[in-house]
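This report refers to the structure that appears directly beneath it.
A, B, C, D, E and F label the chains in the order they appear, each numbered from 1.
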Amino acid sequence: MSRRIVVPFGPQHPVLPEPIHLDLVLEDEHVIEAIPSIGYVHRGLEKLVEKRDFKDFVYIAERICGICSFIHSVGYCQGIENIMDIEVPKRAQYLRTIWSEYSRLHSHLLWLGLFADSMGFENLFMNSWRIREKILDAMEETTGGRVIQGSCKVGGVRRDISDSKLKDMVKDLDILSSDIEDLCHVFFDDDTVIHRTKGVGVISKEAAYSLGAVGPTARGSGVSTDIRKTGYVAYADLDFSPVVETGGDCYARCAVRARELLQSVDIIKQAVDAVPSGDIDVKVKGNPDGEYFSRVEQPRGECLHYIKANGKKNILRERVRTPTTANIPALVKMLGGCEMADVPVIVLSIDPCIGCAER
Amino acid sequence: MTIEEQKYTDIMKEDLLKNVKDKCESGYRLVQIGCGKFGDIFEINYSFEKEYSFENLRIKTTEGEKVPSISDIYWGSFIYENEIHDLFGVEVTGINLDFKGNLIRTTVKAPFNVKNVTKVKPEKKETAEKKTEDN
Amino acid sequence: MDLLIFLILFPLIAAILMLLLPNGEIRDAIVKIAALIIAVSSVYLFIETFGKGISYVTIGSETVGMAILLCELVVAIFIIAISLKFRKYIVAALAIVQTAILVYAEEFASVETGFLNELFVDEFSVIMALIIGIIGSLICVYSVGYMKGYHEKHADVKDNRKLFFFVMFLFLSAMFGVVFSNHIVWLFFFWEITTLCSFLLIGYAMDEIAWKNAFWALLLNTIGGVGFSGAILFILVYSGNGDFIYLNNLIAAGPVFAMIPAALIAFAGLTKSAQMPFSSWLVGAMVAPTPVSALLHSSTMVKAGVYVIVRFAPIFELSYIGVLISLVGGVTFLLASAIAIGQSNAKKVLAYSTIANLGLVVACAGIGTQEAVWAAILLIIFHAVAKSLLFLAVGSVEHQKKSRDIEDMSGLISTMPKVAVMMLIGIAGMFLAPFGMLISKWATIHAFVNALPPFGMLLIAMIAYGSGITVFFWAKWMGKLIEVKKKSSPLKKEATSPEMFTLYCLTGLTVITCLLFPLISGFMIEPYIVEVYNGTVSQLLSLNNMLIMLMMLVLILLLPLSLGHFSKGRTVVGQYMGARPGVSGVSFAGSMGVTKEVELSNYYMEEFFGEEKLSKTGVILTIILLIVFAAVIILNLPGMVM
Amino acid sequence: MSYLTKSPWIIHYDASSCNGCDIEVLACLTPLYDVERFGIINTGNPKHADIFVVTGSVNEQNKEVIKNIYNQMPKPNVVVGVGICACSGGVFRECYNVSGGVGELIPVDVYVPGCAARPEQIIDGIVKALGILDKKYKDSKKGGDFK
Amino acid sequence: MKLFSMTKTIFKTLGRGPSTIRYPKEPAKRYEGTRGQVEIKIEDCIFCGLCSMHCPSDAITVDKPVKIWTIDRFRCISCNSCVEACPKNCLCLNNVYHEPVLNGPLTESFTGSAEPAEVSSEN
Amino acid sequence: MTFEFFTNSSFIGAVLFILFAPLIGGIVMGIDRKITARMQGRVGPPVLQPIYDILKLFEKENMVVYESQNFWILSYLIFIVVTGVLFFAGSDILLVIFALTLAHVFLILGAYSTGSPYAHVGAERELIQLMAVEPMIIIAAVGLYQVTNSFDTAGIIQSTFAPVIVLPGIFLGMVYILTMKLRKSPFDLSTSHHAHQELVKGLTTEFSGSTLGMTEIAHLYELVFLLGFLFLFFGTAAPLIGIAVILIVYFLEVFVDNATSRVKWQFALKSCWIVTAVLGVLNLLALYLI
């Protein structure tokens, strides 16, 4: 007689902010098998390019996901701009950079909170999200939206940030970073956190690379990959290097993100120091014709917008390959042989964003 | 700002596995597999990256033709291959984790294979209601 | 008191009758009648002796004495022969040693033993007799139904029911002999018969593994037999006269003389009651048909083992020998309970729980204080009732479900409600307040606090951990029974009528013994303790507490009435399935488009409670204890030479 | 007022939203908005919940899920649709896989429009839902609908 | 301390007091630039339909012949696209969010040339 | 010092417990939630929130998978009350402990009876928790007996000096166990007062309406009982210190709840047993030395 326990994990499950389903097969609490299934939030928005003007599609692109919304719009716009050979003003590029990093901060703090919650550390969740609100405030003040910023458009950005505001933002970030450091300290040092994360969901460097993992998931395993290094928007002018950890476990992935928080603050500071004055957009004339693979570094890793157009107002194909999709194979590998209590921790350790993954 | 160079190599479907294997052996990672339908042709891009150099293999196929899976070479490719199958109706053979059309269940089968899909409103509503009653 | 002789002889006669009668209605009827007679006469014995204290019976005939010795030799020869036939040379050797010692002692010891008061009966014997008489014969009745089904299902096993019932009744006879014997050589004779009977019953299926386990049981028990015959030798060699060959005199002699024979007999008791390191035979005995297990575990065999240890308990009071025995019991209790967690085979769980509970009895007996003995006897009673119920219930389920696995009992409450409820009561009887075993455990804790410090605290620690562990494996079993995944209609006939009858009786007994427990304690156990400890007993459990227990029990019996109230006006919905239930049953729409059935198994936590690891630990620990035990005996020996 | 209004427990389900509204619902639980002030707890279990907060639109796969959650919630209960996706399908209304707002599937008591809806708005929506909850309770007591 | 690394944060938080905005008792945070709802100065509208064309969500319908400009609040994603498209600058986004409503659809129609606004759905 | 169940004082103790324990427990829990909220930088619910919650639950529909689950939960509630009544009436403490175990077994059976995967795993975990804490509680009872020479709570509480003086290890062990008994992080394995993650709501997943209400009431009774148990270590010899220490201990529990993540069952079981062995058993053995 088998001693299996078969449990449906999700799609509705309190640990999952978004629906994903796992068939969990357990023995005691050891996971014998975990087969994922997704598709609960698939909308099919890529198909909307057939209906929307390519310029208006950016509103839809940024609604691929409310967490990494801004960078999606950057990715999309960049694709169109490169097809059309539009020279985006420097200032706009810098603003895009700043907002991208804000968006990363917001996403990582959100994730840190959810991650803490997944291992039953409620206070940490609350404190992470408390800090995150400050980021959102800055976002809302500068772009007009808390989570869906809508400030990036083909040819530039919609809103400018005044220099004095930029200075204030940096000042706020300084205050914030001490809070962030406190939090990171908990994630790095606390025994109970380590108990839940160290050695859990290990994936080796080779495996991570060959499975195509991206972003912090890959960097946590020692794969140094960060699309920002390709120098899109203004990253080429800024000094930073990918945050890499070698543990390959949940702890390492967590550490990568925690350190990236501070890195983002640093990048923002650099960008604010270097931001040139000038226009924030250029006029876009005509329609795109051609194709382009536009790659951007999302909080969760490399995101790819493939755009193919044929000179009409509606582009032909927009394909988005989001980091979560790329990380799912690694996740499947990680889940084998863990404990049931680890399942939420491991699932969240890749920072899954199903909204992105399924579009 | 740097603009990434775009590299494509058009290859024959038959050579796919060989080419992918080459890529794998020379240390590329699989970035994505993406499909698009242009006219009657399905264009499938296999994107690879190695040290920030981004390259694509492209094959073309048509309705009803089968495409071999590369999941023996890149284990993780199943996610893209299943997706292509579900959204485009392209049959991919030999996937290691074959969801058999259940990765993404859609109202319209293979929606990207249909020209100008909009929702077939009235008819779909009806089925929705029938489903509800069944519950 | 001819009744004693009747109780020993009647089952014997019934047994012989069984050999003669063919399978069929008549035999079945006779089994039932004989069982009834045995039960009734044991109750009659209880009434007869009630309040009379100890009484002796003298057979006084040398012929009977000689006959017993002869039979003893026959048994020995049989054992030797069969072991030689199956090339079990160690068993044969041990049997030879033990017989040699016995013959030597009988023939060459310089004392005249005489024949006087060979049999006796006191409250303790009566309690044991009631257990044997009522539970033992109920099991025989159950076997009537069970064995028929058994052979229908196991076509490969030769139908040897004649022998089966013969041995069953013989067993009862021998058990009565054990508890009534005052003459230690007689005691030993009956003792050997039980060993033989269990050997035959375990080997009933006559296949390879049955024989293997049967011989294993025989081997371990003959080791004990050697110890027992050593005790007889000691008594005959060292005592000035033959008086000490009588149990009552030996115990009265006090620890100064009796310590060593008591220790040796207790050692035999340890083997028979399947304490570690000897526990493996009882687990192996599972291969036998279920009623056999029920018999071995509840009313016979292992009970003979603890019986002798409890008998000698007063000798052990506050002695190191006693402490060592207690520790063996304590370790056995703790580890056997822990092993039970890792088992999913119902009979194995029951086997380990028996071992554990006997460990507790042994621990109490080793402590040897009044309270401890009181607790030990209570444990024996409650364990016998509940355990036989459980075994037989498992047997009936096994017939229906073709499996002994607890996992297969999932949702039994819906398919076999009657048996399931009885099983639940049986399990509750094993570990829950206010049922029997728990009262005993409570008494045990009270007893241990006053044991020889600091060993008392060590035992407390063992029982503390052990009781946590016990809760785990019983409760998860209960959970399995009531865990209904999908309601189904109950079976028309859950078991044959003899089976159901037995189960009803035992369930009734489980509840009644709990209800009557203050009386049992007041009128049976306490007088016995007063007698052996020559004095007054302190209030063991205050009346208040007993009253509370009773009130709790009544509450539990009343609570099911609330089911009536709850069955109205509730909204029934399916289980929470992550909001993706399947179309039917307890299933959900799983990945890859398949509908998955939910499976629910218990936890076994083998990395903590693995059988192999823990057994090994237990064996090593207890062997160390036994080595110390042997050392203590040997160190004491020279001083004894007079 | 019934006690229902003092201790409304919510269950939140992300139908096919873009996460925007989703995280705003979660943000309501966190220090800045702290809906526990009103006794609100996110239970994550339909059987404990009083208020069903749905974000996002209905699609092929999740309609059974939404229905099931709704059916497993003990009465009286209310449904709050958050975000215009839940209201009408929003910007994805015309996607092939979106069949529209939540109202097409289960009765929605309160709609909170917005893309993404703000936490303050969500609080308003829930407060509005409390009134309905109270009313439903009183009605049901009159009608003797359930125990 | 390794075991209770959270201590510092906890006591800091305790000391700082709750950061909760006691909404609705206190007013909500509001920024000038927040994108709220679309407002129209219907007097200036020329019913060119550009706003409707550029609305990614098809929230606006413009009925040129009868001069009715309608917005479906259940569709509007407050994206500002229409505002940017309008040649007459008669649209703007305020910074107030729509309050929750009991049932939809929630359309508001405005008829051109200074006629009073008419609201189709109760709220 | 033997206790008489039907004496006035024990009767009063019992009645007071039945009447006021839910209120006191509710307020304690409410303050707990308030402090927790403050530690998280929030305002938190009103102090009476736990009581509102319970009252609300009784206004809700009672949804069941099988009707029998209500029976188990009712039994759970009743036996938790019995536990407390026996305790506050001054009865034998071992009996109290056994009644507590019985009550919990009922709760577990209630969870099992639903046949639901999450309740099932919750039940298994609750059993593990039960197994983890049981040794310590029994050892605590024995320790108290060793010091006060009484198994009756009535006798223990009247001890001439506070037992905690010679039972510091056991007291600390009990505090450790308390976290698990109160289902607080890091030991909120089977179900939790906060949204419980991997198990949805664990044990209580399938309970709703009044059934859930009953388990909540039982929690409150149990809370008061547990605090009472801790008070035994001080007794009437040092009542004020006792209350002060209990308040501190409770605050610490809230703090620990906020400062740790949930551990896995292996660690929970192991640590409880080791703590029991080190603090409990050694303390017991040490009693012989003094």
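Throughout what follows, contacts are C-beta pairs under 8 Å (C-beta built on N, C-alpha and C of every residue); 3 or more make two chains touch, one makes a residue touch a chain.
Values in this document were obtained by computation on a predicted structure and should not be read as measured data.
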Q.
Just to be sure I understand the contacts, which chains border both subunit F and subunit C?
A. A, D
Q) Tell me, which chains sit next to both subunit A and subunit B? A) C, D
Q) Where centres are the averaged C-alpha coordinates, which chain has the largest centre distance to subunit D? A) C
Q. Of the other chains, whose C-alpha centre is the longest way from the centre of subunit B?
A. C
Q | Chain nearest the overall Cα centroid | A | F
(Q) When I count C-beta pairs in contact, which pair ends up with more: A-C or B-C? (A) A-C
Q: Would you kindly tell me how far, in whole Å, the mean C-alpha position of subunit F lies from that of subunit D?
A: 34
Q. Any idea how many Å lie between the Cα centroids of subunit B and subunit E?
A. 38
Q: Quick one: report the Å distance separating subunit A from subunit E, using the average Cα coordinate of each chain.
A: 27
Q. Whole-Å distance, subunit C centre to subunit D centre, using C-alpha means?
A. 60
Q: Mind pulling the residue numbers of subunit A that touch at least two other chains?
A: 5-8, 11-15, 29, 35, 37, 39, 42, 44, 47, 51, 59-60, 63, 123-124, 126-127, 130, 133, 145, 148, 190, 192-193, 358
Q. Multi-chain contacts in subunit C: which residues touch at least two other chains?
A. 569-571, 573-574, 576-577, 579-580, 591-592, 598, 600, 602-603
Q | Contacts with 2+ other chains: residues of subunit F | A | 37, 39-44, 61-63, 117-118, 120, 195-196, 200, 205-206, 258-260
Q. Hey, which chains are touching each other here?
A. A-B, A-C, A-D, A-E, A-F, B-C, B-D, C-D, C-F, D-E, D-F, E-F
Q) What residues of subunit A sit close enough to touch subunit C in their complex? A) 1-13, 21-23, 27-29, 35-37
Q | Contacting residues of subunit D [partner subunit B, same complex] | A | 59-61, 63-64, 67-68, 71, 94-99, 104-105
Q) In their complex, what parts of subunit F are in touch with subunit E? A) 37-44, 255-256, 258-260
Q: Spell out the part of subunit F that touches subunit A in their complex, as residue ranges.
A: 36, 39-42, 117-118, 120-121, 185-186, 188, 192, 194-198, 200, 258-265, 267
Q.
Taking the touch rule as given, give the residues of subunit D at its contact with subunit F in the complex, in rising order.
A. 2-4, 6-7, 30-31, 34, 36-39, 41-45, 47-48, 50, 72, 74-76, 137, 146-147
